[in-house]
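So, here's a batch of structures to check.
Here subunit A shows up in two complexes: once beside subunit B, once beside subunit C.
Up next is the complex of A and B:
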């Protein structure tokens, strides 16, 4: 009977595991193998070339730019949207009637497709001929080597901050009311209540979102690819666009796999931290 | 006074979120010279010419059908796979439940860039690129881990007595799931469906890689193609954007409770 129950269990969980392993894990293992070859992505011929792909990439200046840009992306996303998210969530906490209204507005850019968001900014805001920047006679940030990365990051942060508002507000609402009331009775002002009651109470959420942000920042692709294609002069290249260009512009799948592996390595570190944190949360 | 200041801050960020979208709305009805003279000015007359141009050149009829097929496939596959897996994991019905949960946590954070290149080569060798349903299944596989976790928490909240009573009455596992448990976890199924639907509808990296033939492009890819021809025709580009924005915002506002709940549960990728 117990055996039968176990068999049924495996039968029910099989579709999820087969899809995940077949589509994500098996090709993922192939990526590791590919990164040691010179495969072009077409045809069966390839040679194992050891660490040559990694040596070439590390010697490439563009890789340095891309890695540095990913690090800048991490720093930007760990601060700007997180602060806006915390500030707006805190303000919404005590405004029950307006809560849904503001959450829905903040989430509007988040639910729209990156293609739509990027092209809207490119066409009507950044456009030097007729967009808002053109109207005020300004050069758009995406056109200059010094600011191109930030031009893409601004649009991504605009689309992202509302998500953090909703997540942080959701976490803050779990804070036990008696703790808040006790602090108020003790004469704590709203800053002190935030600092000593709400902030410690949402610490697990803050940490998890922080780790997630680090992972996604090393994988950034959509907004950079759509707004700058890594340019001008490859100044806004991130590892995601750099790898993509190897695979689908110069047909060096081996190198693309090597960059994909390096990106995932950063993700893996963060994901180990994530696993560790969420396990600790469960056991606590 | 402080309360008013709080509202000023909230309203400021509401304006930040909304102004680009309002610019789309007002400029989609304007001609190019009107936009060039002042992009902030409301339209002097409402002409719908931009919309029909955008619809034709963005191939939106085909785009809508392909997007619906892609999203529908992804949502259906995720709902079936993740609800069955969530049920098993919630009741620890297999001895390896903990190991599977650890696996799913890791799988949730595997980046697309780690598997896209060999997957593309594999799918291409099977002649399955430019197949919308195949991309739907791939997107399903990406979304299954988080959806399983979300469904698991919904199954955890179902009292064990319900299942025991049904099994005592001789109900089969299938009957139990189909007629008793699924109706109870319906809010979870809707939340997962809405979030996966949104992810699939908006996805860019996988869809643009696997769907290069114009016949098989989704709505957003059709709009991206249009940008090549119409990048200087701002009115048409804005009309195209509005056509893509309105249905999503409409669906979002109608289903916002599920979207917000799903996100607040911390189960969504950025």
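Up next is the complex of A and C:
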């Protein structure tokens, strides 16, 4: 009987396992192998060139710019949308009426295709000839080497914070009401209730979202590509756009794979930190 | 009951899969015809309608063996790259030019079109430089659907308002732009928003009109390095031009060809600097309905280097046509290409779609007087370009003639324009990339300019 249950268990996880192996593990292994080759991405021919791709990338100034931009992206996304998300979630927590309506409104940019969001910003807001920036006589941030990264990040954060709001609100609503009521009875104000009751209660959610944000930040691509294409003068290049240019403009898939591998390395670090923190929480 | 339901589900799945596979090339079409696939970029609806009428209906009615289907998609370049790599994709391959096809030809992804060239007489029909550029090791792998030049579109009304004539020299051009800026207009309109390779147009133009086609030819042959002083000077000239605001002013990063043409039609600038294919964007804003067709004019970009002949053209192709090595209907694909490289096809397409169909025929037998709207100045401009090509007065558009990684390096020319890199450092990087591609024989055969 136990053997049969075990077999059923294996049978049930088999589809997910096969899918994971097929679309994650196998391509992952291929990416590792390709990063040591000069494969053009077109035909079957390639040569193993050792660490040459990594040497070329590390010697390229643009890689440094891309890496630094990814780090800036992480810092921005760990703070700005997280703070706004927490704030809006806290405000919505108190608002029983219209709460669902506001959640839908906040979530809307998240469910729209990035290309739609980018077009809305490009044509209505950032447009110097007829858009809001043009109306005020301002140059849009995407046009300057100093601000282009932030110009793309603002749009991405605008699309992302609604998702965090919904997640944080869901987590805050799981907080036991007796704890909240006890704190209020003891004379705690709104800030103290938030700081000492809600915040510890949603800590695992904050942690998970933080790690996911770090991983997503190193994979950033769509909004940068749609709004600046890494420019002007490669000032907003992130590793995603840097790899994409190797793969689809220069036909250097080997180098693109090497960049992809470096991107994954940072995601891996974030995952390890999350696992370590989770285990520490359990043991404590 | 359960068994019947299962049979119904399986049958539906089989039918669905059959439906999915019906788009594969080579499958039987209606009436015993074979289906030919051609993937094309996502042209505007009016232009798609022209293509459906002239190409699809025209070709399908011209013979009874094949049914041509065209898929329009803005991501066509990437889709074709991925499909060809997997030995899939359309029968007729739409590419970005000879450099693109050379990269795929050496990997065996494109079919040798030499036998079809002999059958249809393409070599005697197509402009020599354009035919030669599509060959790899003496075999033909691609032909351009259209040639293009990079020049200056002007709004006659704005020039009249400024009290100036159409410029004929570089000094006159910049003087008019200075006057326009002083009058609160954009010196010129153009930009790379949404498509960074637009930068290649302008660096190609400066390499052509300053360094000269022959110098660039020598660099592409590996006879001189890309750090040659003449090339460094051309890059520096392009940076000065950009920094003076002559290229879209402050808005280069936030304009594209479509919005630029719109601004030109509204009189916000005297000039739009860009490729002749931009006639297709102009037709949206300068047309018979708006009654402003006569306001738009086009001239080749004036030379900076006075030792070069004038006019002097930056030769490029809008796209290239090849046959997929994995196609089951290579004969049919060749028939489509032959149809698209005909005088009658060029005549029909140019009636409603100026800018994209300057078929590179030795005898481009189109009379501008037979056309109305923007097709008239477009046909006239192409006749001039073809004459310039026959005289050897041309340079090279990077996106067409430079190998892929070198062309991609030139896309980053804005690093020099925005002062983040010196011309010398930029070209040193270009030279390193180019030497690698030269070794891999990725440089397409090039026509040698006369000067």
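Everything that follows uses one rule, which is that the second predicted complex is superposed on the first by the 258 of 284 C-alpha atoms of A that agree within 3 Å, B and C clash if a C-alpha of one lies under 4 Å from a C-alpha of the other, contacts with A are read in each partner's own complex, and residues count from 1 in each chain.
Here is the rule we use: contacts are C-beta pairs under 8 Å (C-beta built on N, C-alpha and C of every residue); 3 or more make two chains touch, one makes a residue touch a chain.
None of these values were measured; they are calculated from a predicted model.
After overlaying the two complexes on the shared chain, residue contacts for A:250 are found with subunit C alone; subunit B is out of touch. Note on subunit A: of its two partners subunit C and subunit B, the one contacting more of its residues is B.
When the two structures are aligned on the shared chain, A:13 is found in touch with subunit B, with no touch to subunit C.
When the two structures are aligned on the shared chain, A:151 is found in touch with neither subunit B nor subunit C.
By the touch criterion defined above, A:233 lies against subunit C but remains apart from subunit B after alignment on the C-alpha atoms of chain A. In the superposed model, A:142 makes contact with subunit C only, not with subunit B. In the superposition on chain A, contact of A:115 is made with subunit B only, not with subunit C.
In the superposition on chain A, contact of A:126 is made with subunit C only, not with subunit B.
When the two structures are aligned on the shared chain, A:210 is found in touch with neither subunit B nor subunit C.
In the superposition on chain A, the residues of subunit A touched by subunit B in one structure and by subunit C in the other are 41, 122, 127, 129, 248.
Of all the residues in subunit A, the ones that touch subunit B in their complex are 5-6, 8-10, 12-13, 15-17, 19-20, 22-25, 27-28, 30-31, 34, 41, 84, 87-88, 91-92, 95, 98, 100, 102-109, 111-117, 119-125, 127, 129-132, 135, 158, 160-163, 166-167, 169-171, 190, 205, 208-209, 212-213, 215-216, 218-219, 221-222, 226, 239-240, 243, 247-248, 253, 256-257, 259-261, 263-264, 267-268, 270-271, 274-275, 278. Residues 40-45, 122, 126-129, 139-140, 142-145, 228-235, 245, 248-252 of subunit A are the ones that touch subunit C when the two sit in their complex.
Those residues of subunit B whose C-beta lies close enough to touch subunit A in the complex are 2, 6-7, 9-10, 13-14, 16-18, 20-21, 23-24, 27, 32, 35-36, 38-40, 77, 80-82, 84-85, 87-89, 93-95, 100, 102-107, 109-122, 137-138, 140-142, 144-145, 148, 173, 198, 201-202, 204-205, 209, 220-221, 223-224, 227, 231-232, 234, 237-238, 241, 244-245, 248-249, 252-253, 256, 259-260, 263-266, 268-270. The touching residues of subunit C, counted against subunit A in their complex, run 77-78, 81, 84-85, 103-104, 106-109, 192-197, 250-255, 259, 263, 268, 404-405, 407-408, 411-412, 414-415, 417-418, 420-421, 433.
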